[in-house]
Amino acid sequence: MSMTRFVTSDGLPGLLAFLSQNGRRVLVPVEKPANKRSVVFEPWSKGMPFTLEKATVPPKAAVLPQSETLVRYKKTKDPENPERVTMSLDDSMEAQPTVVFACRPCDARGFAVLDRPYLQGPFADPYYKARREALTVVTLTCPSGCNTCFCHWVGGGPSSPEGSDVLMTGVEGGYVLQAVTPRGEELLAASSLPDGAEQFPLAEAARKAAWATLEPAPDIKGAPEKLAALFTDAEFWQNWTDRCLSCGACTYFCPTCYCFSITDEGEGLSEKGGRRLRSWDNCMSSLFTREASGHNPRMLKAFRMRNRVSHKFSTYPENWGAFSCNGCGRCISNCPVCLDIRAIVLAALNADQATAE
Amino acid sequence: MKFAYYPGCSAKGSSADYEKSTQAVCAALGIHLEELPGWNCCGSTPAHAVDTELSAALCARNLDIAAREQAETVLTPCPSCLSNLRHAAKRMENPQFRARVDELLDTPAAAHFPEVTSVMQGIARVYDANAIAAQVKKSLKGVRLAAYYGCLMSRPPEVMDFGDPENPTLMESLLSACGAEMVDFPLKTACCGASFGIPERVMTARNSGRILELATQLGVDAVVVACPLCQMNLDLRQKQAAKEADAFFRMPVLYFTQMMGLAFGIAPEHLGLEKLRVSADELLRKIDGAQAGEGDR
Amino acid sequence: MNDAINLSRMRDAAFTAEVEAQSGQNVSTCYQCGNCTAGCPAGFVYDRQVNQIMRGVQLGLKDEVLNSRSIWMCLSCSTCSLRCPNNIDVAAVMETLRHMARKEGRVAVPKVEKFWFSFLDTVRAFGRTYEIGTMALYMMRSLRLFTDLDLAPEALKKKKLGFRPHVIPGGADAVARIMQRYKERAKREGVRP
Amino acid sequence: MPVLKGKELRIVGFLCNWCSYGGADTAGVARAGQPTDLRIIRVPCSGRVDPLFIVKALLNGADGVLVSGCHPRDCHYAAGNFYARRRLEVLKQFLPVLGIDDRRFEYTWVSASEGQRWQQVVTVFTERIHKLGPAPRLEDAEPLLKMADMALTSLRPLGTGQTAALDQLKEAIKAKLPELECVIGWQQGYDGAHTVPLFMKTPEDVDKLIWGPFNVNNPAVYLPSFKGKKVGIVVKGCDSRSVVELLQENLIRREDVTIFALPCEGTLDMARVNQTLGRYSKIDKVTYDEAGVTITADGKEHRFCMTDCAQGKCYGCTTPMAVLADMRAGQPVKVEPGSRTPPELALLDSMSLEERMAFWRGQMERCLRCYACRNACPMCVCRDFCVSDSRDPHWMSQEDSTREKLFFQTIHALHLAGRCTGCGECQRACPVGIPILALRQQIARAVGQLFDDYKAGLNPTAVPPLLGYELEEKNIHERDWK
Amino acid sequence: MRIGVFICHCGSNIGGTVDCAKVAEIARGFPDVVYADDPMYTCAEPGQAAIEAAIHEHRLDGVVVASCTPRMHEPTFRRTVERAGLNRYMFEMANIREHVSWIGRDKEANTNKAAELVRLAVEKLRNNKPLAAKSFDVTKKVLVIGGGVAGIQAALDCADGGVPVILVEREATIGGKMAKLDKTFPTVDCSACILGPKMVDVAQHPNITLYAYSEVEDISGYVGNFTVKIRKRATYVDWSKCTGCGACTEKCPSKKTPDAFNEFTGPTTAITIAFPQAIPKKAVINAAHCRQFVKGKCGVCAKICPTGAISYDMQDEIVTEEVGSIVAATGYDLMDWTVYEEYGGGRYPDVITSLQYERIMSASGPTGGHIVRPSDGREPQKVVFIQCVGSRDRSVGRPYCSGFCCMYTAKQAVLTKDHIPNSQSYVFYMDIRAPGKMYDEFTRRAVEEYGTEYIRGRVSSIYPDGNGQYVVMGVDTLLGEPVEIRADLVVLAVGIEASKGSPQLAEKLRISYDHYGFFMESHVKLKPVETNTAGVFLAGVCQGAKDIPASVAQGSAAAAKVLALFARDKLESDPQIAQVDIRRCVNCGKCIRCCPFGAIKEVEIRGEGKAQVIETVCQGCGLCTATCPQGAIQLSHATDNQILAEVNALCQC
């Protein structure tokens, strides 16, 4: 049995204080005062209120910030000869040791999805790598399913350990912490929390109960092929995207979307210097594929939606052997027009059948 | 029709005839004048000549009474009172000024004051020329009159709101409706010399003289006025003016209310005509004669 | 000439500014067309014509202006304001000058001020004007005992003047309090009430 | 370049080439001494000055911005300054809602001959800015988070009763459908408590049409994409204003659009509804009564009374009936006269300038720049060519600073000046609940106050105020430079 | 880029309070700057040569000069860089004289400010693009609007220069105000005698087409290619048949028709020829007073006309003309002086305008040149002239000087004495403005030889004394006393305003106009004839008060501008105009709506509506750029990115 610890509900701030040691940044879900429920991960500091609610925004930024400076450059001129310009580059990366605390299993699985292209491809992305290696994920298992989530369709579940270092499960009076990686064990071992073996069965029961709340999942194993087959069926995609607004609410709130764009800002000779930025990109935007000539292979939002759904359920699985959607449901709950990716995938599966018949 | 009414001090003294005729004419027209309870002197020229805030305070007390009485419109016969009251109301739109004035009052004045306007405009507001003509019992046909407004009634235009400041015509329209022939009287808004009759007689004598001279030249039967001070200068001081001009005047100077009253068939004694220094008997005979002539036909 | 107006010495820019501030008029717009003077009914008793007063204000000749009789003889008829091509409320400037002069105790024509005080004193006493009272007070103060004596018989015969003061029911005190506060404030502010 | 510490502040001037730049030259020729802070950017015309240049400068370190053009009627380009006057005045009234002191921005008119006036303007303005001191920076503000008070009373009845007329409306749509590409309406979404846009192409589609408090989406957002095609649209009162505004701006053609309308009784504030429902796995049942709805989720009943849970915009709504429609069903609704300050705006109104800046600092932090606000806006017709993600023109960078995010909201708000109908879709669409509607509301309020109570989207033939001008503006007055 | 920067000392003008060498040194640190120098006089020949040399030596592709205002030397330096092979728009200026050295005393602050302004210019330049002008054809035909003396002069000069002229006149005859005058100052020669021959020349010139009794209805197009619609108002007389014999005017029974040409000083007939020397000398029916129109029966003129020219059912006609240039010469009208209630507001018959007085004095006028009072026909003995009635008077919204009243008033006083030797004239004036050649001498003659009394002051009021005379209450400010005159006749020198309909015409011409309707010239001093719309020129009083010689001179000047314009077969358009990025354009039409020049139109490109700039019409204001929300329309040389570069250079904290 893996290492377990127990923390009482009152003990959570103490746990966070422990996690914050040694200059670690601890990202905790914080409920923002707003009429709309808005929970975001923010660096914890002593006395700061936090929540254990599922966050509106996933903790993806811990490894892939919304916008990061890849390179800073400064130019200097030779006062004798203004034609002679020398440039100094600064590509040092910030990779502060970080703990993501109380994200959900789906969020944690997001890190696993990101790891594949960023770390396991022909090139490992150094910026991502540095941050990822400095990251510890303490995941709170879900007590139940919810109306928009579907983690169990895509290989996850309310207590899936994938991507997590520590699993944390709420039980009577507190939480059971279970290390699921060596890094998790190391962390728990360093803590002064009491052993959780006694409460562990309760945790297991809670996890089982959570599973029981889920509606049965449809079989979507055929999705990659069926979606691939639908690639040329423009009508299918148009019908499914007529109400799409082409905003980025689905992709920017997705824990697994990893596309980025690179821009240069600023002037090397200015006080601030120049910056090369990497920022999130959004395949639902027409700009995503607009070429320098002005030509755009994905002018229609239908094709952009096809890209998003296919990427998650067809091309990524082809490349990496797993769906890149982890069923967190944020693209559904955050969509201004309630577009439901589940429905599209199911329709794709059914469309195929209809054609077969 | 009911209006709040601010008679002004002269109404209780030197221009009792104006007051009497105003009351009589308004009664005939069914306009009820409700005198403001406990009104005080507006301060007239001396107050504003000495200090604008003092003048405004004296006026504000009256405006405040009117506001408390929930009056919508206050009428006053006297242009001087009208000018002071309207100036005060306008100046008190400035908060700093208002604060200074409030300091002088027992209690701060009401935030909004009712509108103050002249009796003449009040009548015109209720009755148009046709309606006035319908009231006429003794037409003033054949009577030539000069309307003289004095300097205060129409000036400054942005405060007084009395038509063209150089050429007001309201009195003409009222008296034309009564049948009178109104001459174009170019000096209708010239100054009569105002209150300087006492400290500097030559001032009123000269200025009133010029007005009387032109009226005489134009052959009018009377000069019709709307201001107690003008009336006093043109009538009571007519001899002083004649002396200064080295001329002889015999020009009746009546209030427009007296003139309208005559046309409405109100007896002269109910209009205070006996108070005129220059007798209007000839004018009365002319009116009666015209009536007789009318009857003959 | 020795008695030339020495502008470099006598010019008082603060005076001009003060007149402009108090009257709310921009006197620099006056271009001396003289229209104010042309229409002034009191010009014939002035020692300086209105346009000259305006010029004095422009030049900041405080003494010349505030010691002038003209500002006391102004009838406040506003003809000048009405006809001014530059929209200057000349009458307001005249009144401002009178106020300034009074506050500094410069009274070039005392009889005018005495008449005002006589008037205001009756108002203070009775809340309303009392013509015979005003006259009596004025004659006393100005020592001009024969003022308008020629009119008296006529006026009395015609009952033009009320012999009894007209008193406001319950209000005379209120008016007196206004006057009192005004006086006290003037005293506090160090100006002549 | 940094400002001369201790001596100067950063003051940026935009001067038209023909009058004011010449006026500044005249002042120079006359050796009319001036404070040295001002840096002049020469533009052809004050009409060229996009108000966003000013906001950009103010957000990026300017302590003051001055715009000067030709006197009204003297514009070298006949009318550029008339447009500028309206736009700049609207901007001036907008700035305080961001927490920027509007005294830091001024505009005026100086002719090429008015060297003295220019000297006066520069001197007075520079002194004013020095008196105000260095401008507070958005980044320096301590985040302040506050919530709007949603306890509101409505000007018109709120409820759910009008559904009765839905069948009549459906028949009308079916009758018209053959002539139309499609009719846009609403259908049930993934559960009974969510409604999504519906594009009716067949009579069977029409049967899916629903009407009720969940019809939050504004279907007008789709209309411009159908430009040139015959299309029908089912509208609530507020949606109809968007349609009218689109017509006003020639973004759609009247003859192409068939408008079907029912009187609206308010729609639910789904943000608050979801707060109440919390986490649930299934909606069991949604039942309606006259006054509201009851949602049963995971076996638990939640009642939502419309008078308590309508969207903020519904309380002050004066157009529950479509302002323009080809086919109406349902009973007319009475609206009480009056107006309400929208709750989001009332919140901002209650704050000081410093608090407002701190407020936006706190709010914008969590913005992910997903642009749901923009894309849900029926008046955002630039869509794929929004300046926010363009390099030419390069208004914004990809940095995720609060300043860039707030600047985008300013772009949106200013581009909506005189056009925003207050439908609130921007705010509703925001996944993290930032009350960005307040910025649009302030713009709309300023436009209303300046231009005869103008409200966007009421009259299809009205000229949007910022696309027109008056020679003499009733409510815009030249400022005193004494 | 490779940018060269030149910091001009301008002698000590800049160098005195700005450390120019320091600025050059700072500039060397700016991006893309590869060369910086601080010459003593950059605009001088050696300075320009140095720029050219530096361009070659350092292979510069952009130049910044920091010196005086670009309004002065931008064209100069653009030519300089062009000579060295650069595009003229690859040049920017920083104004460090008028905006820096001349207004600030603090050398440190000035130097810093100068460096920042140079930085702005560099940042702007880095975003500049070479721009090239385009050429287009010119229609060599000119429209002259207004047939007063200025318009006549412009038309004749253009016609003599070989350019076809369309002359449009609103009234039935050309000649304008000058045709109404009796004599002209300072020579006191007969107005009709000097104007008449010019009017005849217009009628006879083969290059001139005259549309009298016509108005400009609509103008579209741009310099070189205007399309003008002209409304020929119905005269009810077929002018091709009318010989101007005048038989109809003698027999017309409507003898009490108001006579506008005579300024309503006497009646005329309903069918009329304005005056004997009218051009065209054709009859016109005043339908409002013609019995045939009012009562439906009469027909006398039709019966009497020997050529059968009368045509009661004539309609307005619209003709269209293509021209390459337009001269506006629409003149003036008198302001409505009846707002002066203190002068009787128009109620006193013997208080008249100076133009009415001209007609009364004129031999072709209603009294045959005898000066008599309108009220009773008596010869006046005492005539009072009042100047500045509606001039220099803010209270009636006319703060400006009408320019020529001083002179004609002196003339009228002189003529009065000539006509009535025992008369006495008085002139109330504020200042005598007589700066022209022989002008002051003329006013002195009026005083010294003709005994005119000049009284310095305004008149407060005029009123009839009841004895047939008028009391004039004035002031003699020199005397310091009010004065009073009993006058028989009062002549008001009524101020002028732009002729009726000027603002509307300005809108059609797309030119600016001031508060009073006068058209705005392009530059008060240096472009007094041009307007801000290329190809539209001004002549005469429509641009501002001026007398006859000045109007004639400006008419000739406008003609010279037209001829210069037409001397080229092709015109070049300014490339600093708006350009549409059709990919970004969503055809919302906001730019089209607000463009003050109608320079943007909607076109269809591959099935989609797009905005398109008409390059020759665009004036380059950039209003569209500030209006377009998606930044799809950019004003070349002042693009968003160019201005943003400047803003960013200043504000980057």
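Going in written order, the chains are labelled A, B, C, D and E, and every chain counts its residues from 1.
Here is the rule we use: contacts are C-beta pairs under 8 Å (C-beta built on N, C-alpha and C of every residue); 3 or more make two chains touch, one makes a residue touch a chain.
Just so it is clear, the structure is predicted and the values come from calculations on it, not from any experiment.
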Minimum number of chain-to-chain contact steps, subunit A to subunit E: 1
Chain at maximum distance from subunit C, centres defined as averaged CA atoms: A
Which of D-E and B-E has more C-beta pairs touching across its chains: D-E
Per-chain CA centroid nearest to the all-protein CA mean: D
Most remote chain, CA-based centroid, reference being subunit B: A
Distance between chain centroids, defined by C-alpha means - subunit B, subunit E (Å): 51
Where subunit A and subunit D are represented by their mean Cα positions, the distance between them in whole Å: 32
Gap in Å, rounded to a whole number, between the CA centres of subunit E and subunit C: 50
Centre distance in Å when subunit B and subunit C are each reduced to the mean of their C-alpha atoms: 23
Two or more partner chains touched - positions in subunit D: 1-2, 383
For subunit A, residues contacting two or more additional chains: 271
Shared interface positions of subunit E, touching two or more other chains: 342, 461, 583, 652
Pairs of chains found to touch, sorted by chain label: A-D, A-E, B-C, B-E, C-E, D-E
Interfacial residue positions of subunit E with respect to subunit A in the complex: 2, 25, 28-31, 33-36, 58, 583, 652
For the subunit C and subunit B complex, residues of the former touching the latter: 41-42, 44-45, 73, 75-79, 81-82, 89, 91, 95, 98-99, 102, 109, 111-112, 114-117, 119-120, 123, 127-131, 135, 138, 142, 147-148, 150-151, 154-155, 158-162, 166, 168-172, 174-175, 177-179, 181-182, 185-186, 193
Subunit E-facing residues of subunit D, complex: 1-2, 4, 7-8, 10, 12, 17, 21-22, 24-25, 27-29, 31-36, 39-45, 47-51, 53, 56-57, 60-62, 73-80, 83-84, 87, 112-113, 119, 137, 224, 249-251, 381-383, 385-387, 390, 392-395, 415, 463, 467
Touch list for subunit E against partner subunit C, complex: 342, 388, 392-396, 430, 456-461, 473-477, 480-483
List of subunit C residues in touch with subunit E within their complex: 29, 31-40, 43-44, 48-49, 51-52, 79, 82-87
